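One structure below.
In order of appearance the chains are A, B, C, D and E, and numbering begins at 1 in each one.
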Amino acid sequence: MPVNTASLVIGLSYASLLFLVSVGLSVVFGLMRFVNLATGSLYLIGGYIGWSVARSTGNFFLALIAGALAALVVGVLIERGFLQRLHRKELLQVCLTLGVAYIVQDVTRWIWGGDPLRLRPPELLRGSMELFGSVVPIYRVALIGIGALLAVLVWYLLERTKWGAYVRAGVDDLEMVQCLGINARRVFAIVFSLGALLCGLGGALGTPVTGVAPGTDIQLQLMALIVVVLGGLGSVTGAIVASIVVALVDTIVRTFWPEASFFAVWALAALVLIVRPQGLLGRAA
Amino acid sequence: MLELRDVYGGYGEGFVLNGLSLTVEEGQVVGLLGRNGAGKTTTMRAIMGLLPRLAGEIRLRGESLIGLPPYVISSKGLALVPQGRRIFPSLTVTENLLLGARPPRPDQRVRWTVEEIYRLFPILKERGKIRGTLLSGGEQQMLTIARSLMTQPLVLLCDEPSEGLAPVMVQRVGEILQRLKQAGLSILLAEQNLDLALSVIDVAYIIEEGRVIWHGSAQELLANRDLQETYLGLRVEV
Amino acid sequence: MAVPALQLEHVSKVIGGLTILEDISLTVQPGERRAIIGPNGAGKTTLLNVIAGFLPATRGRVLVFGRDVTKLPAHRRVDVGLLKTNQQPAVFHELTTRQNILIALLRGRHSPLGLGGLVERDREIQRLAEQVLEEWGLLDVSDVEVRHLPHGYQRRVELAARFALRPKLLLLDEPAAGLAVDEIPAFIERLKQLPRDMTVVLVEHSMRVVFSFADRITVLHHGAVLADGTPDEIQQNEDVQAAYLAGAMRGRDAGAA
Amino acid sequence: MNAKSISAQWRPAAILGLLVLLLIAPFVLPTYPLSVLTEILIFTLFAMSLNILLGYAGLPSLGHSAFFGTGGYAVGLLAKYLGTPAPLALLIAVVAGIALALITGPFVLRTHGAYFLILTLSLTQVLFGIVWLWRRVTGGDDGLPGIPTPKLPFLLGRVSDTANFYYLTLIVVGIAIATIAWVVRSPFGLALVGIRENERYLEGLGYPTWTLKYVAYALAGGYGALAGGLFAYFKGFVGPGQISWLLAGEGMVMVILGGAGTFWGPAIGTILVLLLRYEVSAFTQRWVMILGIVFILTVLLLPQGIVRLPNRIREIRAQLRREAPLPRPTAPAHHTPSERAVERVIERS
Amino acid sequence: AGGGATPTPTSAPATPTPAPATPTPPAATPTPAAAATPTVVVTPAAAAEPVRIGLIHGYTGVFAALAENLTRGIQLYFESIDNTVAGRKVTFIQEDDASNPEQGLTKTKQLVERDKVHLIIGYNHSGVALAVRDYIHQSGVPTIVDNAGAQALTRDPQRRSPYIFRVSFANGQYEWPLGPYAVEQLGYKRLIFTASDFVAGHEKAEAIKKAFQNAGGEIAGEVYPPLDTADFAPFLQRISQMQADAVWAFFAGADAVRFVQQYADFGLKDQFPLIGVGDLVDEAYLDQQGDAALDVVTSLHYSPHIDSPENKAFVDAFKKKYGRIPNQFAYQGYIAGRVAAEALSKVQGKVEDKQALLKAIKDVQFVGPAGPFRFHPETQNVVLTVYFRKVQRLPDGSLGNVVLGKRENVDDLSF
């Protein structure tokens, strides 16, 4: 009874969301050495824009695309505007992205107000189904599928093509990378924007589950930080594993000791980092 | 193959290159010689499109390179072996090596494959999995050369490849340059080590304050001790 | 015989399954100038790091002036009188030359942690710093951040900082690398003027520096000692010629050093 | 050289002037601005304590609120349950902060950079969780209200209560800041800067770097807790908000905006952030956005912090006079020594 | 730019303490108060300076929407009387406490000491209200709490203050009547209780649990998820494994929307009917929740579908101004505004006579949108009419909380 199919589905679907939010952060943070504390804000933007589009068009898939694109735009703005200037200046990055987060928080509250909003899943994915004797919402199962698909895609892109190496090399020595015939700035821009895009997509996909409201950004930002650090900076596999670990631990603790849930995840993070400072799958620094 | 005419260039205000002209013919090894600070590295950087300020003419097979970003210049067939090696610390040796790898271009005389590279530099295969900067200095130098070769260059710009190397390694580098020369690569070699330079180059340019003050064949330079003393500060050691 | 300044007993270093140093034993007498040469990748830098305590030895013992320091962390070895320079100058780039010197001079002055007393008010230290700066010809650049200085000056700052600590055993890792050719003779002079009670271990590729300075030379090859002897012996050694010198010291310029 | 010695000459006078202003503030300021000033003093101490880690030792802590909260709760619990007199309670708060640092130090100091950031954040969150869950003792999310405000006995009846507590804060913070100045200007302070620059090089000079970091962490913890204790008295209240990482983040912003690694920078950052937070919000609902914009602009225009504004202006003027400062060498590896470069460097200094 | 703010705190309060005789035109001092005031204040009758009311809520942060609605209600009422009482203009100084106790305290001090407000309306967050309670008590500014439900504020003889009134509710006050109602009218004998894990959640749950047990009900289980739970799935899992007749729930804000939606997603609605606190299906969220909210039965001191002329007038006015149906918070704000206005006019706008003002507030009585309004003389907390409501589809196709029944005269000592 303790861990049945339903909790597994719940955990994994949550893991999918966490992965989408954190993988961008992980790559940007771990490979580009850019501490993006506006990750939660990108999720928020994805969620709100997704909601608005769904509301006006009634089309869920359009909402997903719009949410992802909106986050992409903001991501590109951050990349164009600041990324290059603040290369390797962690403290300034923290300060700057916190500023961005503040602005996004305020602008979204201005536009969408403070009421929690919620996107309805498409007709097709509403309701629940039976899976190995447990009732689970269909949307959650779909979420797992989407998450897994994107995880494989991102993993392939960064770990099986040269893109990951391009990014790391570019952070080490931009000039030299260019001398090897690689347009590193474009690589940076694409990877960063891709991270933002996934984040926004996460926001739009997550809205049927978590809803969006003021404060959602902070929640997701914190979870993403945990996942990234637990998994190891810059490791896509790490982000996948950590998303799953965090989501399952969270789910299980919530079921049995709800009061301690938010505390548990942090305790887990602290413990892991104490034992393995570089995270589960991090490259030794 | 590669031609520079009246190139002016610099970093901040003022020019480091003051009307520099030189030519590298196909299959030729051209020495770029001069004292510290003469502008050798700056010349190489100018060719690669890395200088913030640049004027004049730089052509590869008649095609102008001025104003192109470095990655385009690289794709046209130029590769830089930079001074100080500049290995990427967060990549492994293999990743460093393969980062800029490209399929050979059709008009190329020598085509570099990974096997070929490993034959030339076996240590790179052995050490493949460690981070590039953990290699010793000489190994790093080999990696740098190999890394450039993987971009299938027509012209190799080699900036002081012997710096920081043990005598035996200096000799190895000399041999490697010979091999590359035999393979038909055009090379522009900046070197303070005259012995090494003279062992491979066909033609030499001596520069000072960013302009050419003498050029001629390697034999002429070898014969002309005065020239060596005045402009190069004769090398006594290897 | 006096207690050796440095004694390595069967030192090995394995990193990630790779044996980088293998069973190295050597003894350096007090006041000796010892050069360690060897091909790139022979393990010279690694050896110096093991001696200085930046890398733990996998096997074997390191003794400095008779004291077993194998287990001591790097900073504690400084107490025994051991200091090391780096292949890239070990200086604090964002600090001024003076601050760089002060940091060295202040080490453990007031209390183990240096808590107490204001640096600016410490006349004695300021005077000493001034003296060091002058001695090394750094007065002109004393308030310039070191990162703005050319390489040769950075090297000088590094050495000045080490000397300020009056080491008894100094390890130098390629101090002449990156110096302009015209700077090298002056540099050799400076090395030669080092106080005779200071023991020096020098790793260097410039044979000009090595042969004009060293009393004894140890040749490292593939992480093991290939040869050990006086400069003349080394120059005659066929193995060394093959593995390292490649005719360098036989050629026409050998005498010019 | 000149500019520097002039500013050095004026420094004692400036500090004295500031002190006089602070001393007479209660006589010219009405109560509300005075209480804002009190809060600024307390947060200045908080930011300066964080600066020891962030600015001097280069350890980016995103969990400094743990110490602030520890101090606050120590004071709150002691005052509420035991009626401990303020001096003793503050002392215990400091000890508690140091103790927390000594316990967590061995764990967090194993890491650096981004990992240090997150690990300190995690510890803060764990502490937050404990406070939140342990409602019986800590009051949970309601916190502990009703902490009596201590007063300086010799001023009782002579000045208003607000002014009285203001003076108390001024004395405590003044002493604390003076000791921080003493710490960072001592050899220890210079060694911390060495750690920030390159820990390994410093170790090579014979400094016990780990111990130095540990001590710095403990000191920062102690000062942070002291600020937290004062704040609890000031508000008469302590709640989980005082441990929240958002506070730690704000502290970080204060330090960076003002100028990390400079002595007075954090104070300036504190004033800016608090004034934005409390005063701008009275004019506009959009103060959060303004705060964000200020962060961004400062980072972009004054990356070294507001405290370097004069330098920055000088730099820009110099640029306008086409006296571009020496270009930074781009190549990290070998920089060839050339007489020209040295000459230029010497000219500049 | 930031420096521009500095002189304000010093210059503003430097003006002489409010003596009704000195007619300081507000435009002369660049206080924020002035910024918020329409500058034309030439009502010859009212020579006195305007009445200053501080509005303090968490306009940023998680409770932003709630704060917004409270403010709308207050403003709606004051606009209906032209922002004037007894010929004296009323101005508002709005401050953001960010639902954070420390900031609430600072802001309250700011209102009292810098802006010298005569009256405070506000506090949506219990933590803030409790944190400022001592300060308000000391400074003696009449304060009308328009939402924060912390019981201690009025129920605890030690903590209540003659200066503090509450027009909204004490936690549990409108929840407990659903206990007996569930047993007697809905026929539920076993209930699962779930609520957000914070003070209000526990206070509310305790109140109804006691009333439910007294009425003969039995507690089948309890689950307390943390505030701001992104994903309720694990808790729902646990609930689904229990045995009961129905689930009683209290969640607010984003939590409410998520909970109701996920409750339906997991098919729990078929297993156990959902009942609970009105916040769960607030009018502001019904649209988001959609069918998931249908048939949820809740208790609350208000519903926009109460059938009375007073309510109709209020709903119409609100709709006209803001284009939406008012929810409980808008209602609370409206009531708070009315209480303040009626008390002020009773003392002829002489806010300077604090004792008279306090007495006037205490004595306020009227029939409002949700029925008769009065304060309990001892606790100074509102005496409520509690409505039992059910979410149903209205003739116009939208969802609404339709009133099933009510219980009158519920005060905060009744549980």
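We take it that contacts are C-beta pairs under 8 Å (C-beta built on N, C-alpha and C of every residue); 3 or more make two chains touch, one makes a residue touch a chain.
In this text, all values refer to a predicted model and were calculated from it rather than measured experimentally.
Under the contact definition, chain B and chain D share the contacting chains A, C. The interface with the greater count of contacting C-beta pairs, when A-D is set against B-C, is A-D. Using the mean of the Cα atoms as each chain's centre, the chain most removed from chain C is E.
Chain centres here are Cα means. That of chain A falls 49 Å from that of chain C. Chain B and chain C have centres, each the mean of its CA atoms, that are 31 Å apart. Chain A and chain E, compared by their mean Cα positions, are separated by 36 Å. With centres set at the average Cα position, the gap from chain A to chain B is 44 Å. Residue positions 105-106, 173, 175, 259, 262 of chain A each touch two or more of the other chains.
Within chain E, contacts with two or more other chains are made by residues 60. Multi-chain contact residues, meaning those touching two or more other chains, occur in chain C at positions 178, 180. By the touch criterion given at the top, residues 35-36, 123, 130, 135-139, 141, 163-171, 192, 195, 233, 235-238 of chain B touch chain C in their complex. Those residues of chain A that touch chain E in the shared complex are 1, 4, 6-7, 10, 13-14, 105-106, 109, 113-118, 120, 127-128, 135-137, 139-140, 208-211, 213-216, 219-220, 250-252, 254-256, 258-259, 261-262. Here chain D touches chain E in the complex through residues 28-33, 35-36, 39, 140-143, 145-146, 231, 235-237, 239, 241-242, 272, 275-283, 285, 287-288, 294, going by the rule given at the top. Interface of chain D with chain C (complex): residues 1, 4, 182-183, 185-191, 193-194, 197-198, 200-209, 211-212, 215, 326, 328-329, 333-338, 341-342, 345-346, 348-349. Those residues of chain C lying in contact with chain B across their complex are 16, 18, 37-42, 45, 87, 174, 177-178, 180-182, 205-208, 243-248, 251, 253, 256-257.
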